[in-house]
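Pasting a structure here, questions to come.
Every chain is named by a letter (A, B and C) in the order it is written, and numbering of its residues begins at 1.
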């Protein structure tokens, strides 16, 4: 039997010929869309911040003028306060990056390579810590460490330690406990990529475990260790959560809070905010460039693609010691701070501590009953976060799919751009949003989004979240064989259907991961919330911080607790059933995307 | 997929977020006062008009937000502690004078009358003053400070607010410079506020906390903050300085660019009515313990009202606002 | 059936993907029949070209069953359901996959997966089918069987196929014509037999393989091996100058057997050997 193939006349779909396009446009469509989104969400605000630093008169209330001047930079840099905060930021960044990398690396090695009990539960700890916002951890530690705080009440805290906590030492301590998951992820994934072969080869050559770690695994992990150091350093530099809590209470001035204070506290000094933002960005940029240079020298292929999991060390009785150490980290980083927040939420005054008569449900009641300011703030934040997560993950998916058709060079460029944007401190971006949407003609009078409106806050949230979403989704798409979508193209499947029917089901877990990460991060996002408070009412993070500074920490803790429960509950409710469904319906052989918690 | 499709989808998603906040309120209120929320709620219930209450944080942050908005202010009404800052904003044409008939409708007490500014920059809705907060467990009765000058004896153990963040604190600083002289006042503070970790606090709550936990034995605080703690049963007292107290009016001002003058007038009318004054006392936090300035309105129980006032020269205070705040910041903060 | 044959990096896959429309060439024209599908002025996107492709990794959609994989493209083209069912049935039947129609790709063996990939291509009834090294992921034992089955299927369905491979034996076995590629250019385009018997140059000869290529010089129709004391060979018609002598293995005989014709001596002492049972290749030193 001979089939009639469509090679005959008219076989090629005649309708297709109407769609002739210039190849250049077709090729550039994806990149252009991506650049446009990046320019509007990130590029323009950033540019204005930097311009403001060198053109102090740019947005002057009386007679704006675009004159170049080094005056703000000189004035800012020569001010002892700013010079002090630069020094503080650097000291804090370097110290915290060092301790964080040590703790995170040790945690990753112990948990991945040793046969400790309860591995599943312990490997969940970094994720939970990672998802808890830094200012909540900071506030929890304030409750614990302040004179009259919980630890002092329990007699566990010598006064001298309490006093030294409010300063560099305490900041390094809280940063380390709060950021160690980042180091653990980076070093852990490099460790997972090492595989057993190299170690086996070294063992066959007669090397003992110590020698293997010093001479084989150590050098191979070096790039990851350096990367972890750099990433934490950048993270500490751009942190606003601790800067606006512990650092502010200890009068330990850092750059991020300096920018906020110059842009938000009376007397407002935009040029000074711009100048400090310029310094901060320059430092972060330096770090990113150093990272690029180092990574170029490291051979990425050397430690990848090894599928065989490495052997775990049998520690015997020692494993209980390791287990105890892991538990201690979990206790300090997660259980104790959350416990402090919960305790404060459930008691009426801090002073009476954990006395039975001090327990009350008043705070929780105020946070949870409808039509209270606290509850309004919570609901607002959950709504904004949901909206942001939908927009950011959808936008990231669309942009990723467009990039999918572009060259590998373009994909790398956008991945680099996203990683760069991740490093931009939220506080700088937030300041840029004020400049663009409140000062720039055209944007100022634009009806939607409008300054002072919830829509602009959501837009800011999206800008802060989009790079993360792009990194997660792009890396998931990068793990899909391109032939899968090529095959669909050749079967005559259009782009949208290809995205929905082929790409999306295969990377669904990553898209949901991006969605949930964005949702949780946004519920607690601080710098944008602080800079772009909508007139309809403040979002939860602003409210929590304000309640804290007004000494109503009980209600603040109740709100934080409720927000964590809501965000965590919603995430678990989506994540676990979905994972089960996908694991059931998904045959083996689809590469799991990176960045999924498992 | 064309670029259009991508952007179209993105735009329509973004447009989703229009739905919620697009319905603008009848009145936008910027404030840093505890009772503003309840008062706005009561106003909404009574008039059916909607109010957006925006509270960026401290008085300083509220002023900062207004300054940041520059020529594009978003508020209709601002309600803050401190007459000097209101005078300064009126002088900068951020605020417009409150219409004269608004004052005339009200039965002012003598104290109230004395607070009405010539410029009509704001309408006083109540007042308070600054006092010395003393922890009675830490300081014996015979060692109580009696004046600002006595505070030198507690050097390093005096908690104070940063005037950059707090409206009341600036009013106090300007008042101190008026009663004690600028140079003498600066010297006095330099000798007294020697502990930077408690001399640049962000709010009255923080001063309370410092005094209650014993980090400081005395504090310079708004008296209503002290009374709210006394009402809660805390072991503190308020001591009024012998130099005389500077009154610290809560002022309502109207934005020079408001599009909602009628609603603003209605709001002023409501605040000065019996219902409005009741709403201003419907809570336990600092600002609810204000001193009424309208005849027939009683303060919250426990609130001291017989105070020897001196009148603050707002012109001088607002003229030096930026300079003195900066001086304080450089000396006692960070 | 045309094969694109060449070493890796020679441009086979680039050419194939350009034909499919998955990448854009820098310049030139691609015609399919009479139609221009790519030129610098107009582009027909891949999804409109009606070209089918069997990928090296099969590119089966892992979240769809066999039937889902086959019908997905048909549905996208809005074919009528009876038509889809008929095409599906036929494609499954000729590839003997009917019993597996509801299985997921991961539940199939490598050979079955490959058949699904071909069936998907057949069901779409494209004007042209492209095979990108479809056998390279199969183990040696299965490869031969699949090759025969695949050829039979393609011939029976009378499809036009472009087949990319770097395995010359595979190309020889399946093709009507072979294009030998080198550095992005077609070095020779001919029938397998012609390529074997008359390789266009030393590269083609070397790549087709199994030949011994001996450098030397031609003078007066005689080829003399460079640097060897062997006798000259009669090569009528060869141009004078430097040249290469290509010796097919089946034409090589031990020196004693064909003394009159060839004086290229076999090694006197065999040091190593390799072969597939039919033919053996010997290496040895010329011990004098």
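The criterion applied here is as follows: a residue touches a chain if its C-beta (ideal position, glycine included) is under 8 Å from a C-beta of that chain, and two chains touch if they have at least 3 such contacts.
Computed from a prediction, not measured in an experiment: that's the story for all the values here.
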Joint neighbours of chain B and chain A, given as chain labels: none
From chain B, the most remote chain by mean C-alpha position: C
Chain centroid nearest the full-protein CA centroid: A
Intercentroid distance (Cα basis), chain B paired with chain A, Å: 36
Cα-centroid distance, chain A relative to chain C, in whole angstrom: 50
Rounded Å distance, chain B centre to chain C centre (Cα mean): 85
Residues of chain A engaged with two or more neighbouring chains: 494
Chain A to chain C touching residues, read off their complex: 1-7, 11-13, 15-17, 19-21, 23, 26-27, 481, 483-484, 486-494, 497, 501-502, 505-506, 585-590
Chain A-facing residues of chain B, complex: 1-3, 5-7, 9-10, 13-18, 20-22, 25, 28, 37, 52-58, 60-61, 63-65, 67-72, 74, 85, 164-165, 196-197, 200, 202-203, 205-206, 208-209, 212-215, 285, 322, 325-326, 329-330, 333-334
Partner chain A, residues of chain C touching it in the complex: 20-22, 24, 32-33, 35, 37, 40, 42-53, 55-59, 61-63, 72-74, 76-77, 90, 104-107, 120, 122, 124-128, 156-160
In the complex with chain B, residue positions of chain A that touch it: 29, 32-33, 36-37, 59, 61, 81, 84, 146-148, 166, 248, 250-251, 253, 263-268, 270, 351, 373, 383, 387, 390-391, 394-395, 398-399, 401-402, 434, 438-439, 444, 448-449, 451-455, 458-459, 494-496, 499, 533-538, 542, 545-546, 549-552
